[in-house]
Every structure is written in structure tokens, then in C-alpha cells.
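One chain, subunit A, appears in both complexes that follow, with subunit B as partner in the first and subunit C in the second.
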Partner chain A sequence: MTTQALAQVLASGLLMGLIYALIAVGLSLIFGLMDVVNFAHGEFLMLAMYATFGLVLLTHLDPVVLMPLVAALLFVLGAAAYLGVVRFAMRAKANQGMVQIFATFGLAILLQGAAQYLFTPDYRNVQNTWLGGRTLDLGGVFLPWPQIFGAVVSLAAFGGLHLLMSRTDFGRALEATREDQGAVALVGIDRTRVFALGWGLGAALVGLAGAVLAVFYYIHPQVGASFALIAYVTVALGGFGSVAGALVAGIVVGLVEAFTAVILPPSLKSVGVYALYLAVVFVRPQGLFGRL
Partner chain B sequence: MSSTTLAPVAAAARAPDGHAARRRRTLLVGLAVLAALAALPYGIRDVYLQNVLILTLMYAALAQSWNILGGYCGQISLGHALYFGIGAYFTSVLFVTYGLLPWAGMLAGGVASALVALLLGYPCFRLAGHYFSIATIVIAEIGLLLVHNWDFVGGAMGIQWPFNPDSWWSLQFARDKVPYAHFALGLLAAVWLVTYLIEGSRWGYWWRAVKDDAEAARSLGVEVFRSKMAAAAVSAFFTAVGGGFYAAYVSYIDPESVMSFRFSLLFALPAVLGGIGTLWGPLVGAAILIPLTEISRSYLGGSGNGLDLMLYGALVMVVALARPEGVLSLFARSRAARNQEATP
Partner chain C sequence: MIRRRDLLVGGAGALALSGMGAAPARAADEVVVGVLYAMSGASAQVGVDARHAIETALDIVNQNHDLDLPLARGTGLPGLGGARIRLVFADHQADPQKGRAEAERLITQDKVAALVGCYQSAVSATVSATAERYGVPFVCADSSSPSLHRKNLKYFFRPAAHDEMFSAAMFDFLDAMRKKGQKIDSVALFFEDTIYGVDSSTVQRKLAGERGYKVAADVKYKTNSPSLTAEVQQLKSANADVLLPTSYTTDAILLTKTMAELGYKPKSMIAQAAGFAEKVTYDTVGDKLQGLISRGSFSLDLAAKRPSVGAVNDLYRARANRDLNDNSSRQFMAMLVLAEALNRAGSTDGQKIRAALAATDIPGTQTIMPWKRVAFGPDGQNTDADPVLLQWVGTKFVTVFPEQAAVAPALWPMNA
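Right, the complex of A and B next:
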């Protein structure tokens, strides 16, 4: 492998890895907050992509401009999913783990069906964007602008999330609820409200990822499922609930995937990621940054 | 009229063998239900409905297999499609390439699958909760990707079974589907019986103890790891036999059609719906879920419009939320009330 080819693989892996991190961080946040894995996370991503697609058709604006709107829509969806479904799953007295898995799975299937009903199973893509189809040439290393943009959005989102968690009352309430759910009730924090806002925040983050992906990826009702598994692997690799873990694991996943694609046939590119994930959790069951 | 004897004496006489009597009654009811089900295919002449019946019986058997590990032992596997695929592929390759009868192929697939489960259980059972579930998804996905790229087993093209005259030997019946229904029922009966036997044995108690609180069970001397391994092996064995049957039934398999994630879900859902960790939950769940999905698919989703998926998703969600203990628990209260009356 020449230095240039190596640099190309590294750069592509890094850019995609940052986007994976952005897809995964909302999942990790929600888990850290309330010990719930959202099995509809991939469908949230899929809806964010459709929302971008639909809004572009409707407004003829560029997806980049529409991103905050998509994030806001997903915020509402996330909060609604908590208030309408997950809240009740948490109340189950028997088989709580299983109830929570199947309630969010049911939601995932429902959302997939709804997408198929509304948009048909056809593949869509967003055309005529500022970023679409352009690449940056860095001395023979070619980087597509949509991916560069996605990586920048991801880094900005992680920065913003860090500030939100450390500097705002909401962030402190989130952190406190995560530390001790019983104690926060005593100091007058409304747990349901914190959870709903946490779900909204998690969904808004995956909304950003969806808006970014919609620019360079085909949109169809099953697209969420293909990213969801990578997201679960990223979260488990980084450690459930760890925001920093999601960032590091996302980058690792992107890099490993890029290198696997060079060594193995492209259809096997995920195998390297899965194998790495298994190797890590078998040695460290709580993931890289997780707490047990 | 021996009921005129003193009631306390009768109660005392009943108390020691109450458990055994209840077990015997369960067994008799079970055999009666299975016998009644054996007559059912003769009453259904419509080929489409026969197909629904066969799938229902098959998924009931597969859900009961899943239930052994997920319901009794509490390890929520979302990767049983791997074992299903191993069964389907062993049976198909051995039959189509080597001419070995499906019966032998299923058995070989079952044994291979149990060995794989033991091999995977070794690292996986150290993982707790969601980490375990996600590891099982990932492992099944790796299996799917490998089979996809493995030319010896047909790669993405899959394996087509040859057409042979109807025969119980090769498990091929082109004209009449009734034998398939009976095979699926036989499989269900076998899994049900094994579950019944385990439920009353030391393993059954160990598994439930592991499910309720692994640490407490360990402190009481339960071999937690060995319990999980045993449950995984039995569960994988029957799932693979079901996979072999499915391959014989549809006569064509490819990686997506036997190993995709939706199968892992389809094995768990009926058990969750009916009631996990119970003898009848998977059958009740399958009897509700499979006809509903099959019929809604053909009436609502024919054009791929997604309505069937919406209905299915909503159903899964509502049942999980409304009846966390499963549909069977609707009857549990009356049983609890009966027990209350029985104990003075």
C-alpha cells in the first residue's frame, strides 16, 4: 500500500467514523440516562433522512439550511416516543428488559411500515445540493465534501453536547438523573420531563446525522436498519452511556471498516468491525469507556 | 361418594402429591392438545390456510426452542437466526450435494448448531443484559455475511432443492401439504415434551433461578455458567432442526431467506406475546401472531405498501406494553385464585 493510498483509507475512515459517532451518540445518551436501548434508533435516522428529502422537495432549500429544522422535528419525535411508548414500558413489573426491547422494536416496525406507506419502498436521493458530488483534492487524497461536512457537523455536535452537559441546568439535571434517579426526585427535578427531554435530545442528534447522510446516501424504508447495527456496535464498543466512548468508538469503527474494505471483498467490510467489537467486549464486557 | 370423608384428611392426602398430580395433568392436557392439532390439517382443504397452519406450528416449535434459553434461563438471544441458518444449510447441502436424507441432515445440523452454541456461549455468557443481546445480533450477522460470501454453500444464490416424488424419506410433498403440517407438529411435540421434562427437573429450577437473580443463584450453589450453556445447546439444537424442516418445506434457501435478523425476532416474539418461560406461551403466541401476520401480509401488504408492517408493529408494541407477562397471564389469576382456595 502506498503512502497516498494509506492516507486515503485513513481519511475516508475518519470522516465516516465521525458520522457513525454522531449516529450512535444519541443512543448512548439515552441508555446512560435510563438504561434503555432504543431499538427504533435506526428508524429515527431513516425518518430524519426522509424528513430532509421531503423538506427539500417542499421548500427547494439546501439540506444544509434545513438541518436545524430536521433536528427539531426529530426532537419532537423522540420526546413523543418516550411519552407515548417507553414511559409505559418502564412501568412493567414483569420482564422489564424484554418489554422495553419489544416495545421499541414494535415502534421500529411501525415506523418502517409508515415510511413504506407514505414514501413507497423506492430508493430516493436528494439532488442539487451545494455539497453533492464535489470532492476535495488534498494532494491526491480525494475527500467528498458531503462527508467532510458531516464530520464537521459531528464534531460541532459533540462540542455542543459537551457544553450542554457541563454548563447548563438541563445538562446538570441530566447528569444528576443519570447518577441517582431517586435522589433527583427529592430535590424537585421532574424525572419524566428530564427523560422526555433526554429522548428529544438523543433523537435530535440522530436527526442531524440523518440530514447529513441524506445528502450522499440513498433513502429507503430499510436504510435505518443497515446503520442501526453499526450504531449498537459503536455504543457497546465505547461503553453504553459514555458520550466520549461513542466518539472514540465511532472513529475506530470507521477506520476498521475502511481498512477491512481494502483487505476483504467490499461485501464483507462490516466483518472487521463486528470482529473487533466482539474481541473488545469479550475482554472488557463494559466496553472501552463504560462503567459497570 | 368418598367426598363425605373429613375434608382436612383429604387435603392432607392431596398436599404431598399435589405437585406430581399437577404435572401429570399438564402432560395429559398437552398430549390431548397435540392430538387434537394432529387432526386439524385434515379439516383444512385450502392450500393457503394449510400454509398458514404449517408456519404457525413451525414458529410455535421455534419459539418454544427460543423460550428454553430466553424464557426459562432469561438470556435474551436476538441471534437465533444463526442456528436456524445452520440447520437449513446443513440439511440442504447434505441432501442436495451429498444425497443424505433430510432426516440425517437435520440431526447433523442440530448437533452442529448445539456445538456452535456451546462455543459461542463460552465468551457470550460473560456479558450481561443488553451487551449479551447485541453480541448475539452481531454474531448472527457475521454468520450471514460469511454464508453470503461462501461459494461452497451457494453464496448469495442459495441452494435449490431438486424436485422428487412425494416421500417421507426426502420430506418432499408437492401435491399435498398435510405431511408437512404433521412434521411441524411432531417437532412442536418434541420441543414441548423436552421443555416439559426439563421444567420438572433440576435444570429447570436452575434456569429459573439464573433468570431471576444469577448472583443469588450462584450463592445457593447453582452452576450458573453450566446452566446457561445447557439451555443454549438444547435451544440451538431444536432451532436448527426447525431450520432443516423449513428448508425442506420451501425447497429453496438463500442467506437472506433463512438467516436475516427478522427470523431472530420471529422466534422471540411469539414467546414474548404468549408468555415467556411457560409451556404454552409460545404456542398461544404463535397461534395469534403468525396467522395475523400472514393474513395481513396477503390482504394489506400485497403491494408492499407497508400497512401490514404498521399493523404488526403496533400489535407487538401494544402487547408488550399491555401484557408484559404475555397473553397467557390473563388466565393466571384464576389459577392463582384456585390455588388460594386449595390451600387452607
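Right, the complex of A and C next:
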């Protein structure tokens, strides 16, 4: 393998990994907050992509400009999913864990079906963006601008999230609720409100990822599935609930995937990722950065 | 008070009675045919288009049309006392196991006389085995894996070409280009990891060896991958003269996007249809596919030679809001071939329909395809289904090979 090819694999893995991290972090955040795995996470991503596509059609603005709007829409969707579905699932008297799984899984199927009904199963594509189809050529190493942009957005989102969690009252309330749900109620923090905002925040993050992906990926009712699987692995690898873990694990997954595809036949490229995942589960079941 | 138990018992009784009463009467006025496609999931659009194509064929059989196609003139199936065909659709979600279960349901519960499907070769493989077990004929519309007709199934029929015929046409074309002085030494195989991709690549690998083309890259990839960067990187470093992709729609779109991102422009591409036959692929990334050649069974420019092509396309477009393509034209023909056999069988009995299918002999002029005729060998394969090669130029496909069907000479290399 030439140095150039090595650099290309490294760069491609890193760029994709940062996007994986951005997709995964919302999932991790929600789990850390309330021990609920959102099985509709991939569908949130899919809806964010359709929202981007729809807003581009409607406003003729570039998806880059529309990103905050997509994130805001997804924030509303996330909060609504909590208030409308998950809140009730959490009230289950028996088998609460299973009820939560079925509730979010059911939501996923509902959203997929609704998307296929409303948007048809045709493939969509955001055209005419500033970034679309442009590639940075660094001496034979090709870096597509949409993915560079995605990586930058991902890093910025992680930075912003860190500031939010450490510097704001909302962040501190989130952290406190995460530590002890019972105690925060005693000091007057409205748990339902924190949870709803937490779900909104998680969904807004995957909304950003959707807007980024929409620029260089096809849009389809099923598009969430393949990314959601990687997001679950990323979260488990990084440690459920850990924001830093999601970032590191996303990059690791991207790199391992890229290198496995070079070493093994590409049809087996997920093998490396899952082998690593299994190893972590055996050695450090809480994930790289997780707490037990 | 009505109890649930009473309702259940009463309902079951009513069902049994209606079944007993209706069965003999129904045989005379309708024939039920089961249609299996992915109506949800990543390939759902293919299923939706297939439904329109098969309903178009049904319209031609059931209504009176002045076209030179089997059963177009007059209504219904005269051989069955004017009976009409009723379709029951099933969603196999591109999953071979769901395909098997749905086929079984259609046969045992809906009592279908025959089955049509299934696009994904992996699904057609399980459905054809199920059909065989129940003695129900299966007309395979659009799956092209050669292994499907090699199983010596008695109830399997495929009017369209398979990948050996398609791939042979590709290499015939490459040979012809070589003769014209083009330098073509190496090919790169890029194929998805189910039976469709694996069978296609096996044939292409063999043909490349026999005809003296070096296989510079041999890349099997995971279908519906989130990224194809590493794969395209390998193709790019191999830099073969011709790229031969075998992909469904999702991967065809992603491959094209990734190739553009990584600055990989092969001299030419010859695709094994499927994703590269779908309009949506060209709607999304068509500008990057100028000059791409795809194997095909169909092209709209055939209308010059087969007048029914335009008329059928109009009927199809009214339903589907798009033109017929390589996939939907084969789905249309499969239904028509089956209906013609049902009519000759004069019965809904599986064995009789099988015998009628085996005796099929439809001249090519009575199809919308470039085929010589429809007549099945003992393995159920139509050997006279001549494939064509189509080239994407501007916003449409142009037939470029073989010479007797060609409308224009091929642009070579693709970006010429």
C-alpha cells in the first residue's frame, strides 16, 4: 500500500468517523439521561434528511443555511416523542425496560411507514448545494467538501455540547437528573421538563447529522437503518451516556471500518467494527468511557 | 349477548361456507395470480413500479386493446370462458425467508394458480423452490442469476435473459470495440454480496479469462453500506479500462457519488442493469453517468421496430408516472406470457398451466422486447431472449449493441 493510499484510507475513515460520532451522540445523551435506548434514532435521522430536502425545495436556500432550522424541527420532534410516547411507556408498572423498547421500536416502524406513504419509496437527492460534488485534492488524497464540512459541524457540535453541559444551568440540571432522578425532584427541578428537553437536544443533534448527510447521501424512508446500527455500536463502544465516548468511538469505528475494507474483502468491512465491539464488551462492558 | 366465541365460530363457519360455495363458480370467472415484490424497504420503488407494470399487462388482457400482443384484442381469457385474472400482491421486503413464507401463503390461502416475481435473485431462489414443492408455476420476471434455471425445477419459467447471456453480450461488445482498434486490456469487477452480484461476477470472471481480459480488481462489497469509500479507492488504484458494476439502486447511487468525490473516472462502465436501469439513479446522479452502458432487455427506441412499445409505454406511464425501463418491461412481459399460457391451459390446474407454459411459442414481434421469441427450454429458460446494450446519453438510453438493434454507435470511452 502506498503512502498516498494509506493517507486516503486514514482521511476517509476519519471524516466518516466524525459523522458517525455526530449521529451517535444524541442516542448516547438520551440513554445517559434516562436509561432509554431510542430505537427510532435512525428514523429521526431519516426525517432530518427529508426535512432538509423539503426545506431546500421550499426555500431554494442552501442546506448549509437551513441546518439550524432542521435541528430546531428535530428538537420539537424529539421533545414530542418523549412527551407523546416515551413518557407513557416509562409509567409501565411491569417490565418497564421492555415497554420502552417496544414503544420506541413501534415509533420507528410508524415513522418509516409514514415516510414511505408520504414521500414514496423513491430516492431523493439534494442538488445544487455549494458543497455538492466538490472535492479537495491534497496531492492525490481526495477529501470531499461535504464530508469535510460534516466533520467540522460534528466537532463544533461536540464543542457546543461540552459547553452546554458544563457551563449552563440546563446542562447542570441535565447532569444532575442523570446522576439522581429522585434527588433533583426534591430540589425543585421538573424532571419531565428536563427529559423532554434532553430528548429534544438528542434529536436536534441527529438533526444536524441528517442535514449534513443529506448533502452527499441519498434520501429514502429506509436510510436510517444502516446508520442506526453503526450508531448503536458506536454508543456501546464509547460507553452509554458518555459524550466524549461517542466522539472517540465514532472516529474509531470510522477508521476500523476503512482499514478493514482494505485488509479484508470489502464485503466483510463491518467485521472489524463488530470484532472490536465484542472485544470491548468482554474486556470493558461499560464501554471505553462509560461508568457502571 | 354475543360472545366473542360465538362470533369466531360463526365467522369461521361463514368463511368455510363461502369458500365451498364460491370455489367452483370462481374457477370460471377469475384466475388468481400471486405477485411477489418488495413493497417496503430499500427496494420498495422497484416493487411499486412492478405493480404498475403487471397491472398494465393485466389491463391489456382484461380490456380490449388494438395491439399486436397476446390476448390484447377481446376481453379476459377466452380459453377459460372469458375469465379475468385477479392479482394478489405480497411484500417480501427483499428477504428470501419472507419470500418463501409469502409464496406459501399465496399458494395455500389465496389458492393462486401461478406466481410472478421477485426482482431480487435471492428471493426468487426461495420462491421458486416453494412453487416447485406445491406444483404451482412460477414465472420469474426479472431476476437474472443463471443459477435459478440450473436447478432443474419443473415449474420455473424465465422469459427474459440471464446474466450469462447479458455478460456474454457485454464481452461480445468489448471484443467488437477491440476489433475497431480500442485498447481494452483490463476490467474491474464490483458486485454486491448476494446471489445476484456473486453469480454475475462469476460469469464475468470466467468470460474475462476466456477472452483475454485481465481482472484488475475484484471487489465484493456489502449491499446497502453506509459508505463505499474504501471500495472505490480500490477500484481507483486498479484503474482498469472498464468497470463492470453489479448493484441495486442504493448502491448504484452511492457508488456514483463516491466515485465523483474521490475523483475516479473510469474510461468506461458497463453495468449489469438493476440499479443502473432505474430512472431514479439518473435523476439523482445521471450527470455523472454520461456514456454509461448498461445491459438491457428493453429500450424505448425499440418503438421504431415494435409498434406496441410506444402504446404500452403510454399505458404504463399513465399509471406509474414514468417510462418503462429494463425492469418494468420484463415484469410486464412476464405477466403477459403467463396470461397467454393460462389461456391455452384452459384450466387453473398447476400441471396443465405448466404444460402450457412449456409449450409457449410467442414470436418476438408480439412482445415489447428485442427478443426473437418466447419459447422455453427444458430448464424453463427462454434462450431466444436477445439482450441489448444501452448507453446513457443526455437524458435517455440509446441502444448501441448488437449492431442489428443499434440505433447509434457507442461512445467510447464514456466521457468521449
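The rule we apply is simple: the second predicted complex is superposed on the first by the 292 of 292 C-alpha atoms of A that agree within 3 Å, B and C clash if a C-alpha of one lies under 4 Å from a C-alpha of the other, contacts with A are read in each partner's own complex, and residues count from 1 in each chain.
As a convention for this text, a contact is a pair of C-beta atoms (placed from the backbone, for glycine too) under 8 Å apart; a residue touches a chain by one contact, two chains touch by 3 or more.
Small disclaimer: the values here were computed from a predicted structure and weren't measured.
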- Please tell me, clash or fit, for subunit B and subunit C sharing subunit A in the overlay. clash
- Report the partner of subunit A that touches more of its residues: subunit B or subunit C. B
- Touching partner for A:270 - first (subunit B), second (subunit C), both, neither: both
- Message: One more residue to check, A:93. First (subunit B), second (subunit C), both or neither?
- Response: first
- Query: For A:221, is the partner it touches subunit B (first), subunit C (second), both, or none of the two (neither)?
  - Reply: both
- Message: A:130 in the overlay: touching subunit B, subunit C, both, or neither? Say first, second, both or neither.
- Response: neither
- Message: Quick one: is A:108 in contact with subunit B, with subunit C, with both, or with neither? Answer first, second, both or neither.
- Response: first
- Message: After the superposition on A, what does A:116 contact: first (subunit B), second (subunit C), both or neither?
- Response: both
- Would you sort A:261 into first (subunit B), second (subunit C), both or neither based on which partner it touches? second
- Just which bits of subunit A does subunit B share with subunit C as contact spots? 112-113, 116, 120-121, 221, 225, 265, 267-268, 270
- Item | Sites on subunit A touched by subunit B in the complex | 31, 37, 85, 88-89, 92-99, 101-103, 105-117, 120-121, 221, 225, 229, 232-233, 236, 240, 265, 267-268, 270-271, 274-275, 277-278, 281-282, 285-287
- Message: Considering only the defined contacts, which subunit C positions touch subunit A in the complex?
- Response: 40-42, 44-45, 47-48, 193, 219-222, 224-227, 229-231, 233-234, 237, 249-250, 253-254, 257, 260-263, 280-281, 283-285
- Which part of subunit B faces subunit A closely enough to touch in the complex? 70, 76, 78, 123, 126-131, 133-135, 137-139, 141-142, 145-146, 148-149, 261, 265, 268-269, 272, 276, 304-321, 324-325, 329
- Query: Can you list the subunit A residues touching subunit C in their complex?
  - Reply: 5, 8-9, 12, 16, 112-113, 116, 120-125, 133, 135, 137, 142, 144, 146-147, 216-218, 220-222, 225-227, 230, 257-258, 261-262, 265-270
